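Here it is, the structure in full.
A, B, C, D and E are the chain letters, set down in written order, and residue numbers restart from 1 in every chain.
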Amino acid sequence: MFYSIHNKEIREISLEQLDFHDICVGYLTLDELKSCYQDLGLSEVAVKDCMTDFTHFRTSMDVYDEFSFGMINIVDILNLSTRRNRIGFFIKKNLFVVVKIIDKEDSIRQMFLDAIGRFRQNATMEKVIYGVLERLLSSGNRGLVMTERQIIAMEREVVNGKVDPELNTEIFDLRNRLSTLKNYYEQLIDIGESLQENENDLFEEEDLRYFKIFTDKSERLSNNTQLLCDNLIHLREAMDATLNYNLNNTMKLFTMVTIIFQPLTLIVGWYGMNFKYMPELGWKFGYLYVIVLSIVVVGVILYWFKKRKF
Amino acid sequence: MFYSIHNKEIREISLEQLDFHDICVGYLTLDELKSCYQDLGLSEVAVKDCMTDFTHFRTSMDVYDEFSFGMINIVDILNLSTRRNRIGFFIKKNLFVVVKIIDKEDSIRQMFLDAIGRFRQNATMEKVIYGVLERLLSSGNRGLVMTERQIIAMEREVVNGKVDPELNTEIFDLRNRLSTLKNYYEQLIDIGESLQENENDLFEEEDLRYFKIFTDKSERLSNNTQLLCDNLIHLREAMDATLNYNLNNTMKLFTMVTIIFQPLTLIVGWYGMNFKYMPELGWKFGYLYVIVLSIVVVGVILYWFKKRKF
Amino acid sequence: MFYSIHNKEIREISLEQLDFHDICVGYLTLDELKSCYQDLGLSEVAVKDCMTDFTHFRTSMDVYDEFSFGMINIVDILNLSTRRNRIGFFIKKNLFVVVKIIDKEDSIRQMFLDAIGRFRQNATMEKVIYGVLERLLSSGNRGLVMTERQIIAMEREVVNGKVDPELNTEIFDLRNRLSTLKNYYEQLIDIGESLQENENDLFEEEDLRYFKIFTDKSERLSNNTQLLCDNLIHLREAMDATLNYNLNNTMKLFTMVTIIFQPLTLIVGWYGMNFKYMPELGWKFGYLYVIVLSIVVVGVILYWFKKRKF
Amino acid sequence: MFYSIHNKEIREISLEQLDFHDICVGYLTLDELKSCYQDLGLSEVAVKDCMTDFTHFRTSMDVYDEFSFGMINIVDILNLSTRRNRIGFFIKKNLFVVVKIIDKEDSIRQMFLDAIGRFRQNATMEKVIYGVLERLLSSGNRGLVMTERQIIAMEREVVNGKVDPELNTEIFDLRNRLSTLKNYYEQLIDIGESLQENENDLFEEEDLRYFKIFTDKSERLSNNTQLLCDNLIHLREAMDATLNYNLNNTMKLFTMVTIIFQPLTLIVGWYGMNFKYMPELGWKFGYLYVIVLSIVVVGVILYWFKKRKF
Amino acid sequence: MFYSIHNKEIREISLEQLDFHDICVGYLTLDELKSCYQDLGLSEVAVKDCMTDFTHFRTSMDVYDEFSFGMINIVDILNLSTRRNRIGFFIKKNLFVVVKIIDKEDSIRQMFLDAIGRFRQNATMEKVIYGVLERLLSSGNRGLVMTERQIIAMEREVVNGKVDPELNTEIFDLRNRLSTLKNYYEQLIDIGESLQENENDLFEEEDLRYFKIFTDKSERLSNNTQLLCDNLIHLREAMDATLNYNLNNTMKLFTMVTIIFQPLTLIVGWYGMNFKYMPELGWKFGYLYVIVLSIVVVGVILYWFKKRKF
């Protein structure tokens, strides 16, 4: 499906009608791409890149002599766990082609149409590309605010001394999410900088400003993601300190109990011995004596604890 | 509300009286902005940016062709926990408009009036902007000195071996506060650098020096904030080491008590057995023997402890 | 073994037939190199570098006046534990010589032949070099995806609370593998940048783009390797937190058991004493009394636990 | 107090005698500054900066159009705990004024006089400034060597397995000292770089070399301070590992003692039961049997320990 | 002792014979330097720098107008614990003087003679300096390979679960050694870069390449040292995890033993009480009952352990 923007109007055109004096954009499936890449003058290597399966780690752009080819694994900040959509894109002089590689719910198509509609008035290649790319950042701030609220809620729990095992899982999930996100924005920064460099002269100098705005927005989101990462590190440290503190207290309590009961247990064991000649056992006040002895021992131990501020 | 600075005098003027040969400044509410942004030639997108709710993470400046638009979430170093004030600002040739977005206690308005009054004598756009921005840094050093004192007080406690649970909470709060602050100054640096770059030529070359002074001040505050962060890390490490050391001591004490009492308990249990034929029970000096045995056992254990420097 | 590329054909030629108007490439063993390096105008120092044994850490390129000499310890991402292949290479004007230093399974030779075949059509020195170097990166993305899957599987185990000792070993292995890999790509980046700098003017300006593509690919792989390293750090932290949490729980359980049984043991020891005059022993309901006492003690302790949310 | 350097001689002059064709230097108290800053053409803002109390964090230089103003909180590496001296300084064309803000023992005055005397022969502004600044670094290397010796002594203790609580305090103090020092040198680097930049053209290009030497010396001291910081981190890690190792050993010892004594205690308790019909109690060799049983139990446990290499 | 290189021959010459049209090199003791530094036109300050005792931290080069002066504390990677040799060096136009400050075994002298002999053929100042400096790196790769082997051997031990206290000491030593080494190479990089900058124009532009090669070699060694440092960090983490895991296991074992024996000990204590009216004691199958009770208790506990996967 190709469109040309002519006199502020968007017309759907066929492959044969492509006229590079107007601004032409296309939205293709992989099959459509395979059938027409030679007519469009795109290299086979790049097309193959689109179709291989091990591109999971590739969000980047390659700059060739005649065209640029990029690939983006779209990260949805509001729903990070689902499988990622993936698009490829080709940029030639006055042609911008988006290739749908993985697209559940056909959401990329809508994004594409919105973007070309938005700048219809005084469309340039750079504005259309900016329009598409900027859509990738649109839910960024909202997602970060929501993540921050989640972290603050976890904070409140830890500060109140509660450490449950789900907390560990949650922190772990959040860290992975944030580091996925950080990496995503870093890669978008790379793409934005690459577009700004304009090495193969596809763009007009005066319109590069749009790519700079995109790069700056990505950088801001990346920095703010980093900020949340730092908060998470503080949270984990607080949790560790709480666990350490609790362990210390448990062991102190335990040690106190042991130190109080061991001597008493020894005493009662002592007078449980069966020796024939144990004078205390026959004393009239022997029982009283052992009661007093126990109280004194406990008293001395408690006093010693107090003095040592145990 | 607009003001123009003419012949070293500040006059309040209406929207219609704006004359861009003088230096004009404005302080608007969101509603006022909505009603007059078209007359001022400001873009709708930026105005919408001002009004959305998810701008919590945005302290930054966008540079457009005809004007620059920035937004600042003001962090009050002396009172970090309250909700933040927020301003937007627009800069055009000879026009500087501050938009009040969130402003409890109307403190921003006062800040704005002070700043334009201060440079009345030989006012330039750059000086007025500098005047407003510099107000954001004014309590920085005082806040940092006070925070440092707080950290030193906490140090003294830890070094004296006291580790109470509030300490953990306090360190956690301080770290979050300092990292909020650091981030704030970093973002002000970005704004300052962006103003210095002067990409859309709104400012005179020779007056960019003022933005450099602002950037340098922010950078110094940012570095000093980092310094306090480092101190806090040292503090946490010292606290961890203290907790570890205490745990070690608790466990040593506990182990010693156990090692001393277990054999004695075994001995007295032993002679508490009810076998018919246990010669020791019938010995004349059986009781004496068990007393001596106990003393010897304790002595040997204590000697062993001493030798191992337990 | 030398080849020249002439009129899009690759011909095997002998040392004497070398004609530097064509593009000449060679694939030599160490012995062949020794016998012909003087004819090729290569320096003795570099040749000796090839033959020393302590080059384990050297993956780099030296730029001399007349030629460049590099050495690469090839890391196979899919099989990191085997001994590494090693190649040297010399670059002169229109001559590219690969020296096989260590090569199990003769895999380097095949790589070399593939690379010169691939760009036969419009061969330049730069393309051939790019072809060889790019082969070193070819299995990178696949290896990273597989490693990521392994890490995710380990995650699932830890999040389910299982921490077995093999996990520690596995994390350790993975970290070493990833840091080997990261270092490898960093060194390839250095070689790529060195080729781009073109200090001794061996290459054409317009063809340096190929070295930039190589450098960018290496950098992307390096960044993605770093990403996996970060995930691994998160994993270790989660494991640590799990271990800490488990220890805390173990100690709590243990302390509870001790606090419940110590007083009971004291009580039964108490009435195991053999004093002649212990009134309780003769009471009609003495046994009932001690049963009730035990139940009360346990009840009080359990209540205290509950109140303290132990 | 002002001095002018004329014909290689230093003459004390009064404010009125200042002649900016010679090199003039001044050493003023705050009061003297207040009374003459207008005659010298210094700005009121900078003078006020000198007098405020919350300048604790300010070691830096501001570059104004006509002059530069700096402030230094002097850190004495050999005596870090005492309160810091503080100086301000103003630099105009051919005028260098040092302002004493805090100066116990009048040591800054001497430093100032030494510095101007040293370059009397062929004095330039740059040399005099360099002379004063360089004095701030003079005891740096000595202080670092002494600190290193202290760290080595602490190392020896930890490696011998001794971990006393003072160690924790000492490490904490050292870290704070080194980070104060590092920050101090970083700030001097900033001042040095600022002087080198020479934005307001107060200095001759050819004499900027002196400021570069100052910057390099500061950077070297900063790097070496960082080196000691790293050593300290290693030391703390070693201490942590020692504490962990000791705890592990304590717990092992404790567990062994418990595992050996618990079964024995159970056995002797068992035959302390008062059942009427317990055949063993009446056996002729019952006592022998329980002795043998105890030995066997201990033997089995010890064997099990040995096999598990506990 | 001075040498001049003339017509590819090295001649020993006296101070008076120095002719700066040839390349002159010198190897002096401190005393010789003191007696001739004025004839050579070297500054007194630099000479004094050579002789002070607190230069332990100084490996660097100062660039003066007429000459450069450097000082190197030589680190021997194969033998880091011995006291370090130290040299100073002066570079003037066509004069290179090495000053022996500390030199056990006279090894520096040999190094110096080798270096000037090596480039005798077409000697330039730059080559001779390169020759001397490059000697400092010559055993680098060998040392790193040997250190790597040592680390791998330690790895194997930890992975097999053995953690002995010497390990801690060894890791500590290795970290200090590697950080000493890293710092050494960083300082050599600084010297190399300083020589490359050639600020006082002592060298020919075209020969600066030699200093670049030296800098690159140093940088590579520094990076590889860093790589080993990272491995060491991984090792320490693995050791920590092993210690934690062991502690967890010890505490679990201990808790199990306690939970099994405490109830049994209570039971046997219970029936050791001396109440007159305890029906169980008189039962015919009382003893059998207590045996069965004990078995049941142990069984229940073991079942509970199994269910909880303790």
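Following the convention adopted for this analysis, contacts are C-beta pairs under 8 Å (C-beta built on N, C-alpha and C of every residue); 3 or more make two chains touch, one makes a residue touch a chain.
Computed from a predicted model, the values in this text were never measured in an experiment.
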| item | value |
| --- | --- |
| Number of steps on the shortest touching-chain route linking chain A and chain D | 2 |
| Mutual neighbours - chains that touch chain B and chain D alike | none |
| Chains touching both chain C and chain D | E |
| Rotation angle (°) superposing Cα atoms of chain A on chain E, nearest 5 | 145 |
| Approximate Å spacing (C-alpha centroids) for the pair chain A, chain B | 22 |
| Mean-CA-position distance for chain E and chain B (Å) | 36 |
| Junction residues of chain C, two or more chains touched | 244, 247, 251, 254, 258, 265, 269, 272-274, 278 |
| Topology of the chain contact graph, where touching chains are joined (line, ring, star, complete, other) | ring |
| Going from chain C towards chain E, every chain in order around the ring | C, E, D, B, A |
| In the complex with chain D, residue positions of chain E that touch it | 54-58, 60, 62, 65, 163, 165, 168-169, 171-172, 175-176, 179, 183, 186, 199, 236, 239-240, 243-244, 246-247, 250-251, 253-254, 257-258, 261, 264-265, 268-269, 271-274, 278, 280-284, 286-287, 290 |
| Residues of chain B defined as touching chain D within the complex | 141-142, 144-145, 148, 155, 159, 161, 209, 213, 216, 220, 223-224, 227, 230-231, 234, 237-238, 241-242, 244-245, 247-248, 251-252, 254-255, 258-259, 262-263, 265-266, 269-270, 272-279 |
